[in-house]
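The letters A, B, C and D name the chains in turn, as written, and every chain counts its residues from 1.
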Amino acid sequence: MDMGVRERIAKRAAQELIDGMVVNLGIGIPSLIPNFLPEERRIIFQAENGILGIGKSPKKGEEDAHLCNAGGYPITVVEGASYFDSATAFAMIRKGLIDVTVLGGLQVSERGDLANWMVPGKRVPGVGGAMELAQKTKKVIVVMSHVNKDGEPKIVQQCSLPLTAWRCVDLIITDMAVIEVTDEGLLLKEVMAPYDVEDVISCTAARLKMASAIKRIE
Amino acid sequence: MDMGVRERIAKRAAQELIDGMVVNLGIGIPSLIPNFLPEERRIIFQAENGILGIGKSPKKGEEDAHLCNAGGYPITVVEGASYFDSATAFAMIRKGLIDVTVLGGLQVSERGDLANWMVPGKRVPGVGGAMELAQKTKKVIVVMSHVNKDGEPKIVQQCSLPLTAWRCVDLIITDMAVIEVTDEGLLLKEVMAPYDVEDVISCTAARLKMASAIKRIE
Amino acid sequence: MTMVSNEYGKIITIEQAVEMIDDGCSLMVGGFGGIGSPPSLLQAIIDKGVQQITLICNDTAFPHIGVGPLVAQGRIKKAVVSHIGSNPIAGQLLHEGKMEVEFSPQGILIERIRAGGAGLGGILVDIGVGHEWLAKGKPTVDIDGNRYLLERPLTADISLVYAKKADPFGNLIYDKSARNTNPLVAMAGRITIAEVEEIVPLGELDPEEIVTPGIFVTYIVQSNGVDWKWIWE
Amino acid sequence: MTMVSNEYGKIITIEQAVEMIDDGCSLMVGGFGGIGSPPSLLQAIIDKGVQQITLICNDTAFPHIGVGPLVAQGRIKKAVVSHIGSNPIAGQLLHEGKMEVEFSPQGILIERIRAGGAGLGGILVDIGVGHEWLAKGKPTVDIDGNRYLLERPLTADISLVYAKKADPFGNLIYDKSARNTNPLVAMAGRITIAEVEEIVPLGELDPEEIVTPGIFVTYIVQSNGVDWKWIWE
């Protein structure tokens, strides 16, 4: 994916965040989301290393090595922010106080299972905080490319990769579509230009129900 | 017990506290101990409500309602003190970081069992923090009157009252004697005037071994 | 009074707060011997006439201090506490069968509260294992030759805490030993109401000094201050 | 340099500190992605040539940052961490069977460390129950129809933390997000060594702002500062 695509996904994900929400962003595409929030929108960003109230990225040269997000990149904080230890950060998460988390994904199944922590025999990065975020956050949004590097669908009937958490994903946003995970299965709600519904169906290895009006994102 | 006796017990207990020790004092007689410490002796007093570094009692009129020990009485703090929550206070206790605790007692058995939290059918004050302090502190000193209000011995072969903790007491200091709990049983080490060894034996309902030289406290 | 803006909608009146506290509720209250307990909220609960409360608190304080008056007026159905020794009325009600008491060792009680606030399913402890009274009915787990009691988390419908300062987001700092159980109690309620001595503007609290992050605090009320006499006064 | 008196005997040199850290030891290190990890102590451990370490840390950081170089130089026998993704050498060593890795979900790992520091026998969690990889070999406990994993506490021979300031008693304050796992790691070691940016006289830290009470800190060393380049530099 080139930067333009990553940014389109982030831009669409930003629309899911509304005033007053407490949000935890994963690393990668999710970390681009703040760039697409309107100035006046007041989101409270939490990071699992121990920050509530993350603000904009600092200007070049104004970084503080001791003020970084969970991915290790410099941040700033807003008024009303607090620092705490990471046990407290995960207490918030496990208690269900995070409204939305946006995570990357390797595979999502049609019932909302998420696989995003290892590829057996290849890469074993580890679960990090994703397992708890996926299992305990009120709304879990997965942002990812619609197919992998080999062109294989990442939205599948059943995940072949080891799971991070079961039945946890609420919304999938890819470079091709926006798909909601409902009790009745996957619901295709939006398609991103230049793709059309047929493209999405052919690149998805799970049943897709069609929303009554499928929106096209230019 | 009149005040003089309580103070004699506290004074003797104070001698057990040496420089650099971290000490938790129970309520009652133990709380009198700081009055008998030499000015230069540096003891670090901990309180389970969340203070490390308790200093002298404040002067009349200088009390702070939000700076009190676990018994609810005003204190001051020394340089290097810290405030924390009571979960952290008990983390210190359970991790075995307290060197000495001085507790009151209703009964102590000859193997060092302590009963100090209820008299069935009469009084059930509850264990408070005594169970953890008794079980986890490196050295447990019990200060109490040698006999109860009915004249019955409080040092017994086996406690008849519900226990606080088993085999926990290291030293018993009463108005009559100082008795060490050893693997071989109770060892009478000191006798407080005006009592003599015979008085102590007749007021104790457990076997007493005699130290090679029994000290007399005037 | 304060010129603080209520941008998070968390600042409410004591009247609004007690509307949420009803007969039969479970109520967790911060404080230790009454120190650090929220005086105005407790008074308002008494004034409202709330009954049959399940109280979770370090202790039952003194008859006229902290949660003591709630106990003394017979409002408590069951108390989950570490001791009741400083409130003779609690002992009397227990003796007469008018109030149930579940005793937990003090440090275990506060860990159970923390477990509730931190979303844990329970903790294993080696305090009180095999104890004729305190281990009664509790499952045990044996690991590597050691036996542990399985202690369950505590949560409550409403947690009440007392703090020195809050900002409009509910970030809290406490005052000296009045901190005691409050930071844990603040985490464990399904609704947490913080009574505070002062509400300050957003940004006035240093992020480094905040003890309870505001996410744990649902509502904030301005305290009218302590109206009881302390035991040492 | 500082005119601080060493009245508690806790202030030692980095050379004295690494004398305590030997081949085969278990080592718990504060920090998160290398941020908040003690640079001078870690460098001294490398220089001493310590091998066969059991490392407990949030993650394996980056190859040239935090605990990363210890991993990269093959000094770690087993790592208990939540992820290794930012340190490709860790993945390679795992793949080649040269380093054992025990993964714990991040929030469970830090609760296990806290349990070790708080003297608990274990915790029950509902994270990862039934998981083919992460629940493997872990006992389960069923309570009220819910299944929990029993997670064991973590302690270590030596805990290393990084703080902004210490006083001679070892009271610590941290700096912003460099606090992360440090307050928990500080509690969990049998010996805890704090590397600090500044040692201040007793009484200079406000009792209210202290995050780690000095009783948890065995020794204090003066940091020489970070000598690695951050990933964003």
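Throughout what follows, a residue touches a chain if its C-beta (ideal position, glycine included) is under 8 Å from a C-beta of that chain, and two chains touch if they have at least 3 such contacts.
It should be emphasised that the depicted structure is a prediction, and the values quoted were computed from it without experimental measurement.
Engineer: Pick out whichever of the two, A-D or A-C, is joined by more C-beta pairs in contact.
Structural biologist: Here the pair linked by more C-beta pairs in contact is A-D.
Engineer: Which chain lies the greatest distance away from chain A when centres are computed from Cα atoms alone?
Structural biologist: B
Engineer: Need the CA-centroid distance for the pair chain B / chain D, whole Å please.
Structural biologist: About 36 Å separates the centre of chain B from that of chain D.
Engineer: Measure off the straight-line distance from the CA centroid of chain A to the CA centroid of chain B, and report it in whole Å.
Structural biologist: Once rounded, the distance between the two centres reads 57 Å.
Engineer: Mind checking the centre-to-centre distance between chain A and chain D? Centres are C-alpha means, answer in whole Å.
Structural biologist: 29
Engineer: What residues in chain D touch two or more of the other chains?
Structural biologist: As it turns out, chain D has residues touching two or more other chains at 111, 118, 120, 126, 176, 207-208.
Engineer: Please list all residues of chain B that touch 2 or more other chains.
Structural biologist: Within chain B, the residues that touch at least two other chains are 83-84, 87, 90-91, 93-94, 136.
Engineer: Just spell out which pairs of chains touch, all of them.
Structural biologist: Pairs satisfying the touch definition: A-C, A-D, B-C, B-D, C-D.
Engineer: Once bound in the complex, which stretches of chain B touch chain D?
Structural biologist: 20, 22, 44, 46, 52-53, 77, 79-84, 87-88, 90-97, 136
Engineer: Any idea which chain C residues touch chain D in the complex?
Structural biologist: Within the complex, chain C touches chain D at residues 111, 115, 118, 120-126, 139, 141, 143, 146, 148, 150, 152, 173, 176, 207-209.
Engineer: Help me check something: in the complex, which residues belonging to chain B touch chain C?
Structural biologist: Listed in rising order, the residues of chain B that touch chain C are 47-51, 63-74, 83-87, 89-91, 93-94, 117-118, 123-129, 131-132, 135-136, 162-163.
Engineer: Quick check on the complex: what are the chain D residues that touch chain A?
Structural biologist: Going through chain D, the ones touching chain A are 32-36, 58-59, 62, 81-86, 91, 94-95, 101, 103, 105-108, 110-111, 113-114, 126-128, 131-134, 174-184, 211, 226, 230-233.
Engineer: For the complex, which residues does chain D have touching chain B?
Structural biologist: 8, 117-120, 167-169, 171, 187, 202-203, 205, 207-208, 210, 213-216
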